[in-house]
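We call the chains A, B, C and D, going by the order they appear; numbering starts again at 1 in every chain.
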């Protein structure tokens, strides 16, 4: 299995761990990734609020490169994934827009490349059962709340990914890793997203709801597949605790970190230990790291 | 096809002798090699007069309509196209399957008498097929011509080289598949003309019509017990020959077979004044395919295209 | 020729028309009058017919849609067959739309010429009569069916009331109180159920379904499948020993599965008939082959394990369809938990939970843990007015029953809070708006205008998150119980039943009335009538009104011994018909059949297939005539001959 | 039938086209009645033949009209879905989609033959349709079928 890899800007910055763990986990599973040459910004989150043409043109530039590469494209970042599939959807619907965009990016868009989220590659293309077979260090005793956020599942007619109200792809992978997937209702609730810069109060309230729900449903930690979700829940956790007078101390992992661990990879090689909320202590308590 | 003659003779003789059929409809020799004519056999002694070659165009199943009132079992020789005609009669409930014994005849094409006679006005002995070509072997020597150009039009697009069903098949099945796709190019060409030009074209055609009704009589879809052209009241059609009555006739005939025409082209073949009737039938077939998604190959259908509708049919009438 | 005062005469030069028409072949007498439809005008026609011994009449006047019937009666008075009359419409189609005499006059002449050409080809038509079997079939034993059956029976006619459940009563029996009066549903329904059961003219067939329907108005042939009850109804006394001793339990459908019943059971205490039925899927005797307790304890010896389905063939003159509705399945709403949260219930489930004879004895306990809810959220328009996941239509009853349920909650448990999420509050009914006002003002029900976006569990509660669009803010309510006002939808087998009987239904599978305003209880199949929610969402008052209307239609039909059929029906010339059957699929009424006739050909008799028209079913549209190539199929009153003659007369 | 005036040498001075309208009793005939009761004027060239349903209109009626000298023919019925007999006009639609194309193929100017859906409440539409057809047919000139010979 071989994919084109589109890291996007987050994975080079705040979500470095996601990049590390995705590459490491994929390598361990034997899935080859070939970084998209000369990739550029997908436009999230500002392009589509300022210029509709730009919002489609930016992802399309990357799609056109991927088409030349002739591989399906993995975009680990949920925002990148969402922008890429939205661009595809829009051009499918509107031939005139497609013509304009092609002019802008100076290339022809065929629509031959499939854009995939990490979860889809792992659960569907590779297969949950095969993941389970390759697990060497089952994450026994770890209770994980799978948090999908909004960008992977909405709008469903565009993302075509799992059930928008109650997705289960990540839960299946969590179970495959030997951990316990906690049933909880906040899988696709909004974390506040990029409102983090403008309205901290809203983000803190929304993220608090998510943390509280995970805790009250018995989770030890949360697994994510989106840099922004991870950042809001992890980076702001201290502030939230202060704001709402509560204590969570809940590690926020990327799903690829947990899987890598279960596959027997070194925690440090996955970026573990660099989160804001101490991420290794819980694992040591459970004798998983 | 000729080579199957002896098998045909044996078969017909046996069917008549063991009373499987009460009589049999096949071909006998006509004025010349290119003009075989229908042959109605009642006893096995007559099988020696049977005839078969690749000019046997007549659709014999239409004659079944003459034997409706009775209980005889009629044997009939049927090529793929004839079987479609028989299916038409069965679908229209005009003939009971139980009263027909079908002897299927695999066929790779029937030659157009008129075209061959242009090359060989008289004295043709036989036609020998050699791949893409045929040799017209005559008393005055051989002529080698491209096969496709001398076949009947229906044979070019024929989807059924073997009859779809039969009670008994003469010889082995032959390779199937049409020689050419029906692209309605002749219809399309006419559609491109200016309306006035088209009007003049059809006027020239209909003017010649003798109202002999041969086209109707040979047509498997024209199988009404009483034809509307033959009744006095209501007067669907005047008795005189005038251009407007001729046009009324051709319009009505075309509409009556719309969605029911099997595409055999017998109407055109038998027209003594060469009116291109298939240009009308094919126009309707083409539109029925495009508007209602019933391709010619699916006709006869269980419910005719004009006897049904879809809520989502095209609507241009507002 | 009518002047219609100056309506016609001022625009059409009738003298010139008269001169032209007098010259037409077959025309022997032309006269004008000022108002032909008036008494003297009609008398003039009668006199003209008698004096000139006329056998055809053309009236040139207003539209035949106006006075054709009037003038048919006029010519009949003179002893002429009413169908030997034609109308030339020289008012609506001529004098009223053309301004100059020069325009209108030649056109009037053409119209008269066409009418004359047609009328000479008219033939006397007689309305044949078909006998009326004065027995009605009512399908569905809910309030609609019960009301219709009672009204028809009270009019003196036999009724068979067929219900597929073991008891009549339907949805209304499941309800607790009714709006806007808050009287108890059972208290007003059960007496009617008993009336229906005891009425000498009504025969109840419960636990029975319609298998097949043939025939036509006045003469339907219906096969009814009486499902095996495993209890001999004639012998059973309804003492109840069997169900008290039965060891097997199953969820009680009547309580929406919230309570349990036995395998041999009556759905609820006031069931009519009060005779149990064995649910064979859950009965130990039928599943495991041993038990038979009910049979052993039955003092009447009524339990019969060997009983089989019975097929009854009955004749009816009319059918009332009153099959009711189902509730929308809210499990398509992922945001409301896909129907998986036990404390998210439907309005009907709420009815059972507060009903004294319900599974909780009338104490509102929530399904998950039996706790008494302190905060209840009602969500309206679940599946209604939602094209994305439900249906675009309004279910009409939810606004009112939600108000009722909120009132009942607050009345029973004043300490409990009631919140209602709504899109609009629709209260068009007598006393309805006042009732809603009481809910908000007197009972303090909190109405929030907005959709609910999400329901999720939090602890043992449910968080209902929605929008209050009047305030412009998100609201979250931590509720103990959420009640969804789910849409009323057509029964899943509605389309199948409509096809079986032969009438039409709409895109939502509600049955279609013959005219949305003027014929609301008839179907397009004569003799089949509609009552209640099978035709569209309805509350009880509307349902009862429609049921009584349907009953009157039936009684009207039964007031005659014979029915006059529409004489303008299709007719087959058997000599011409080839029996090809292509006319059949064009008939919307299934009025065309194929029959075999025998005829002499030479010395022998042969049989031949021809089409035949059921004149009881044919409505005279003429679609079949065009499908017939040979012209064997013709339409009386609009024959091929007549229409061609009109064309030729106009083109002269 | 669709022979254009030019070149025929037939004088058309004072000529008024004759148009036959087949109207279904329940919708289009009622629509025409409504045009009357609302006093909406329209050209006098149309002559209406009442039929129970547009599905009753045999294509042969239409051709007969042209054959006998009609210059235009209108078939009018209820809007699809509104047929008094449920389905009649769906057959009308199928049939006349073909007829219209066949007539055009025979060289008959398609504007001479029109099918329209006119409901009982569309008096104005009825008047508009008649005005439109009349105008178009007037522009096309007379269409007598037997005049064709003159052109040849």
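Here, a residue touches a chain if its C-beta (ideal position, glycine included) is under 8 Å from a C-beta of that chain, and two chains touch if they have at least 3 such contacts.
All values derive from a computational prediction rather than experimental measurement.
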Name whichever of B-C and C-D has more C-beta pairs touching across its two chains. C-D
Mind checking the centre-to-centre distance between chain C and chain D? Centres are C-alpha means, answer in whole Å. 37
Length of the line joining the C-alpha centres of chain B and chain C, rounded to whole Å: 51
Distance from the mean Cα position of chain C to that of chain A, given in whole angstrom: 55
Using Cα averages as centroids, what's the distance between chain A and chain B in whole Å? 68
Residues of chain B that touch two or more other chains: which are they? 236, 306-308
Identify all positions of chain D at which a residue touches two or more other chains, and write them in rising order. 59, 64, 87, 91, 95
Give the residues of chain A touching no fewer than two other chains, as numbers and ranges. none
Considering every pair of chains, which are in touch? A-C, B-C, B-D, C-D
In the complex, chain C residues that touch chain B: 575-582, 584-586, 594, 601-602, 604, 606, 608-609, 627, 629-632, 639-641, 644
Across the complex, what residues on chain C touch chain A? 334-335, 337-338, 454, 456-459
Can you check the complex and tell me which residues of chain D touch chain C? 18, 20, 25, 29-30, 32-33, 35-37, 39-42, 44, 47-53, 55-59, 61, 64-65, 68-70, 84-88, 91, 95, 127
Report the residues of chain C in contact with chain D in the complex, numbered from low to high. 63-66, 89, 91-94, 96-99, 103-104, 106-107, 110-111, 114, 504, 524, 568, 586, 588, 619-623, 625-627, 635, 638, 640, 643-644, 646-648, 650-652
Chain C contact footprint on chain B (complex, rising order): 68-70, 92-94, 223-228, 231, 233-236, 256, 303-304, 306-308
